[in-house]
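Shared chain: chain A. Partners: chain B in the first complex, chain C in the second.
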Partner chain A sequence: MKFYPYKRLNRPIALRVMSATLKLPDGTFDPLDTSAYSVPQRTVALGVAQHEDWISARIGLSATLPPGATDADAPWSGLRVLAVLTDGDTNLRTTVELRQDAPDSKEWSGQIEVLRDDHAGRASLAAYAVATVDGVEGRSITETDADWTVDVVSEEPLGGLRLDVKQAGFSKSAREWLRPYADVPWVIDTSGRLPLVMINTDVEGFSDLLGGNGGGIENKIHELLLSQMATDVWTAVFHSAVGDLEVEPDGSPVFPTDWRGEVLREMLPDVAPGLHVEEALRRVHRRRTDDTGWVELQTRIHYAAVRRAGASKAVANALRALQQMNREDSE
Partner chain B sequence: MIERPHHVPERLGLLSGAAADPFLTEDLLRGVQGHGGVDLAKVVEPLPEDDARWAVEPLRDLVDDAMFQFKENRTDADGWLAPRLHATLRLTRREAADKRIWNHIALAVAPDYVAWRHLPTASEGKVPRINPVRFMGAPDRQCFSRLWWAAEMFRNGADYTPVVRACSNQDLIHNSLRVSLVDHRPTAQALVRILERGTATTGREINGLITAINTAGATVIYDAFAEDEPRDPWALRQWITDAESAPPVPRHVLPTGPDEEPVREDSVAKLTEYFADLFETAPVRGRTP
Partner chain C sequence: MEAGEEFGPWLARQLKIAGMTQAELAEELGLTRAAVSAWITKRSVPRPTVMGEIARALGTDLGTIHTRTTDTQAGLPVTWYHRPGYRDGGRDGGNAAAFAFDADVQVLARETCQNSLDERLVENGRPVRVRYTIHELTGEPLEAFRAAILWDELQPHYLAVSETAADQKVGRVVDAGVRDMFEKGRLILLRVDDYNASGLTGDDYDDGKFAAVVRRQLESLKSGSSAGGSYGLGKATLWATSALGMVLINSTLSVPHEGRTERRVIGRLELPWRSVEGRECAGPAWLGRPDPETPGAEVVRSWWADTETVERLHLARDSDEPGTSFLIVGAHDVASLASDKADSVIDEDENGGSEDDGTRDITVMHRRLVEALGRDFWAAMTGGGSRLPLLETSVRTLRNGEVVIPEEKVDPGVTQPSRTRALRAFYEGTTVDRLTQAGQVALRNVPLRLPLTGGRRGTLGIHQGVLLVTEAEDRDGVPNQVHSLRGNRMTVRKAGVSGLPLGVNTFQAVLLVGQAAGDSAPFAVEAEEFLRAAEPPEHDRWGQTEELTLRWSHSAHYRISRLTTEVNAAVKELVVRPKSAGSQENAKLRKKLTVQRKTSAPKRASGPTLPELDGLTAEIGAAGEWRITAEVKLPRADELPAMSPVVLLDVRSGSRPKLDWAELVAVDGCEVEGGALRFAPHARRAVFKGFTDVTSHPVRSEFTRLVLELRAGAQGSEA
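Then we have the complex of A and B:
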């Protein structure tokens, strides 16, 4: 638990997205319907197929402060509520002040503007209640405990790891770097903004199998292959995330802000169980950069990847389908 | 020695990390020999034809001029090149966040500049190599993207003067970009002012100050008392459109950036005082309290 040298509220702010409207190049506005944002996923998806060229989006926000913030005898003065949008990919920080709905109300609301040119993928949205405490201006007396994600590309408000999946015949692809890999069904490239899975359509029937909705055993093999690919992806992204860490002057690693950070937060509890993620990252980083312990960690990394890829379920389903098929054959 | 590639492309393109990797050879990193450029061109994804910003020549001319002018003191090239690179490329932050464009500039357009600016170094007993992150790496380390971001974060609207000041302290541009402190424009301007006033000047002092600001920032929201102007998307878009007819950037005076609102003076002044106070008590390596 963090220690604060001043009085604070011990409960967080509840922040909700109430609306999202796109501003288009011709000056008109397109209000997005409620499917563009999800409260359980805390995500707003601003990618809409028809309007790739939007200029900005206006997001309507509502924040509820915990009890005690507006008490007359509270140990602070000059209470304000700020919504802050940050984006680690583009070093962007936008702040707006929310307005109190009524005097002494716990409800505050306002709008934040998201400019399309300022974001490549996902930005985070948080709210802070700030006040003057013991003569110090700008103290945060409570904040949101989990950020909202504003995704400028996605069409659906989904959290978690996002992948780019593309298909190409590796041996003749215009992407010449794929040619040396012509003899494998897929490769993974984690060097970009999103992890990319390239599917090799030179493997005959492969893309039909992956794209098909056929029933029976084909379905199960499809599922099995996807989980195999997903295992590869999770393993690759984990390695690329820990392999590319920024380090503080004191040697402790910094959580990346892009998808690498999401991957680490997601997988570290399985890789180094029982530790807080920050401590888990320090341990993994030490193991990788010191002389010992990295090899021993591989089993845990693989375990974390297999769990996320849903391999157990896919294997069990495939086995059951095989048994069923054998039974039908023998009848 | 790494020389200008035999084949320099005419247009900028996108070079993915996976595609670029085979060209990051041991010979290149040791500064022995670069590549011809022809094979590399095959793995580059083109950018749209009709955009004047993707012409390579103005960029190539800039790095040639920088190498000529700063051959005696290569670190000083940063402060000269950063604003001019920024005003030549005219990128949105969204475009600049794509590492592939920086990979292409470093490997296809000006690998000789990367090798010139970031000489091979080695710890005792090892073969000297150029740090590969200077070609392809984090935005605050890669040879060209670090300059572009320094210019973007430290410019005050259209005025690049603070960028030149900021680049005179390598620790300032490196560490402040890394901890995303300067995402808040008034903070960036206040840091430059601290440097100008001589309150903190050495690398150690700047590092100590940045750590102190960062630590205090965990409980104090600087935006609350040092407000910034809202961003205007049209100023930048207009500047980008003007790239079509823009002459090469001036060499002797600073170029002019996009016509955005400068940071509010009262915010900068307030934060400068605040940081100066923080610095009084900040732990700095080698400073006796």
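Then we have the complex of A and C:
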């Protein structure tokens, strides 16, 4: 629980994206459709197939302050509203001041410039109302309770984290590190910005199987393979996430802010049931760094991965299809 | 001299009313019958001195005879005429059309506004103004009103109906209405006025708007092809809303009848079959002036009332603009019970003692009327560019002439902000092709292929409907809806768009078809006719109807389904981000590898639960230390683990500096043991206090943000 040593507003700011416009290398502007952002998902997707090489994006913003912010008898003065774009990957912060639409209005608006070269992937966008309280300048009296995500790569404005899937022939790939793995159908790389699943097109018919939409037994095997792959992916990303934690001076782990945090939040409830995620992370971290308990935890990690991959359903479907086939054969 | 009607016809009617022949008048005036006949046939007018004598003979004053704007009070007085029982002994338990509706002011609003819209005077281009007045009468004004409607004449009829209350729906309603008036000493009048409408024109008995409303059932004589109603059911809502089954009418006509336009008054009563003083009555009754031309001069007809009479009947109109006033006597709103149940649980407790059933709460009626008008007629009330709105509506509430809620003009922009914005943008021509900015309105044309009539195969032509899409606002209600309208500007069809992907911005869409699509749209008239035929009496959808089948074919309604498909496709094109052609990723695999953002609050963890922080207050002490008081919620468990409170300072990034405790004090439900809290068995709450050690603070306390956490186990054992 948090506590501030000064008066604040109880309710959050409502921040909305109103438009998104790309600035192209030739100096022209391309206003994106409003479908480039999603209000329910609080996400702006700036990746557009036609323009890989945009220079910057201008995002129109509108913020609604909660009641009481502009009251004449409020215990603060010099109210300003700021939009702040924070990128955890590049450690970059951009701040712009929003303008009040009309005197005494609760609505503030403005635009923030997102430079393509400053960001690698997802940055979060929040709004703060700051004012002078008790003689101290720049105190935040309220902020947005849920951040917007600005994704400079993605084409779909979806809030959830999506792991990357790519296909390549491993033996002759330009990615040299893949060559030693030429005899396996897929590998997982968790070292990048996003976990990446590489599918080996050298395995004959494999990519056809994955891309195909056949019926019957083929479909079931397809599903089974997918769930197998997904199990591998989830196990790998979990290990990668807990293996790379920042630690506070007292030894307790800091919750990661990037995809690792999202993966942990998703999986920890199954790995350490009955605990809040922070507490669960502390326990898992302790088990990993201490001498005992890490091995015992593997079953639970595997369980969490299998559940996410939907393996039970895939296995059941495949079995049913096989039984049916056997019956048809024997008739 | 301001003369209402020509002298001849006026005198003829006065004689008829007075039951006097031309010869009798001539004799009284000491003139020849030919002289009187000459006046009536407009061949001559009487000399001024004779005028006075005529006035005396008719029992009226000189003023009336000069202005001739009302009838004389001579002859048969205004009275109630009850239709005699059928000779075949048949009995009606009420008006069947009225049974189609419950007493619901929102349905009333819909049907009456619809009628007013259909009767709008189109030539002047101005909107039709409809005003709802809720007027509660108690005490003396109630007495006066009862006298005006000749209550004493009606009393035996209501008594007779009440006797049947045990086994008849209408009887019960009427019985309850009468009892409410006497036991609670109040009566609610709901008045519906329209201005700039045609009024009840036409003869008392022959075809015309007057007879359609006052005399007939299930007959509709609507003025235009785009009219909303076509079943003639709507007017029954007027009577359905009255617990007493009584509606009084005052109409100002747009086309003179009998040389007059103002204050045509009649009342109509809808009661079930009854026997009063040995006479059987079929059901309906009319308040009017006995018509001497009918057998026994029993049947009553509308009369041209004077201003004093309409005042007493609460029927006075604001101006001489044509239109009609309906006064629903004893209005009640049964439907308000169902709709209010959800949000007024507290009210119920408050009113528990008053034993009021809530169907006669005038403020609720007011609110529900405003709500219904905004919801159903936002499009008709929206104008823009050079186009005036078709309709203006307002609601006011009075009690004994005193204002309770002042006149409130219904503003569609308040109740339906995004749809109103869409329509206004269309009228103003400010629509865009694609949405690039929140608040814009996008326009798309969608084709409706009209079939040939008479079951022939083939297409008559393609009507281009107008689809408007804009961002939704919270006040619009359910998001992602398409509201479809035709020429009468009423929302006929409301449907959601299905199959939208995750994360689509909420929107509202308006589909304008038929004459609503604009005058330049091809086949607008034909589309209007086609869709009107596809509309059921509820006016809430387009689909297979008998009329559609008879005039077109059995498969004609597929054309409407196809329109819906086109509309949904067009909406999706506007609001859904297109998938780039290059992405061949396997959809199933992607789905499996997506971490969904949690939209709902995290579920309470199952399994063994731990004590949780439930409250925190803190202040900075004199020495700069944090002094905190915290409350802990304890789960129900036999044994709870010890928990260590940890104070940290919140930071933007990096690890959070931890503060040391100078002192930790148990207040309630727990004890402190080596920096950890041990909770008393079976306690549900625990409270503790603590002061931080100032020497462990990295910065001044005023610039810190305090975070308190409870961690399992005794402090120090985990490091």
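Basically, the second predicted complex is superposed on the first by the 299 of 331 C-alpha atoms of A that agree within 3 Å, B and C clash if a C-alpha of one lies under 4 Å from a C-alpha of the other, contacts with A are read in each partner's own complex, and residues count from 1 in each chain.
The rule is simple: a residue touches a chain if its C-beta (ideal position, glycine included) is under 8 Å from a C-beta of that chain, and two chains touch if they have at least 3 such contacts.
Here the structure is a predicted model, which is why all the values come from computation and not from measurement.
Participant: Return first, second, both or neither, reflecting whether A:Phe29 touches chain B, chain C, both chains, or no partner chain.
Facilitator: Neither partner.
Participant: Determine, under the contact definition given at the top, whether A:Arg308 touches first (chain B), second (chain C), both, or neither.
Facilitator: A:Arg308: touches chain C, not chain B.
Participant: Return first, second, both or neither, reflecting whether A:Ser19 touches chain B, chain C, both chains, or no partner chain.
Facilitator: second
Participant: Touching A:Glu113 in the superposition: chain B (first), chain C (second), both, neither?
Facilitator: So A:Glu113 only meets chain B here.
Participant: Now for A:Ile55: first (chain B), second (chain C), both, or neither, which partner does it touch?
Facilitator: In the superposition, A:Ile55 contacts chain B only.
Participant: Just chain B (first), just chain C (second), both, or neither: which does A:Val197 touch?
Facilitator: A:Val197 sits against chain C, while chain B stays out of touch.
Participant: Going by the contact rule stated at the top, is it chain B or chain C that touches a larger number of residues on chain A?
Facilitator: Counted on chain A, the partner with more touching residues turns out to be C.
Participant: Find the residues of chain A that appear in the contact set with chain B and again in the contact set with chain C.
Facilitator: Correct list for chain A: 4-6, 136, 246, 249, 254, 257.
Participant: Under the definition above, what is the set of chain A residues touching chain B in their complex?
Facilitator: 4-6, 55-56, 80, 82, 84, 86, 88-95, 113, 115-120, 128, 130, 136-140, 175-177, 189, 191-193, 244, 246, 249, 254, 257
Participant: Can you list the chain C residues touching chain A in their complex?
Facilitator: For chain C paired with chain A, touching residues are 434-440, 471, 502-506, 574-577, 579-586, 588-590, 592-599, 602, 605-610, 613, 616-620, 628, 630, 650, 653-658, 701-709, 711-712, 718-719.
Participant: Over in the complex, which chain A residues touch chain C? Could you list them?
Facilitator: 1-6, 16-19, 21, 31-41, 43, 45, 49, 60, 62, 134, 136, 155-163, 165, 197, 210-211, 223, 226-227, 229-230, 233, 246-252, 254, 257, 259, 262-263, 265-266, 269, 273-279, 282, 286, 308-310
Participant: Tell me, which parts of chain B touch chain A in their complex?
Facilitator: Residue positions touching the partner: 16-19, 21-22, 42-43, 45, 92-94, 96-100, 136, 138, 149, 152-153, 177-180, 182-184, 207, 211, 219-225, 227-228, 230-231, 233, 236-237.
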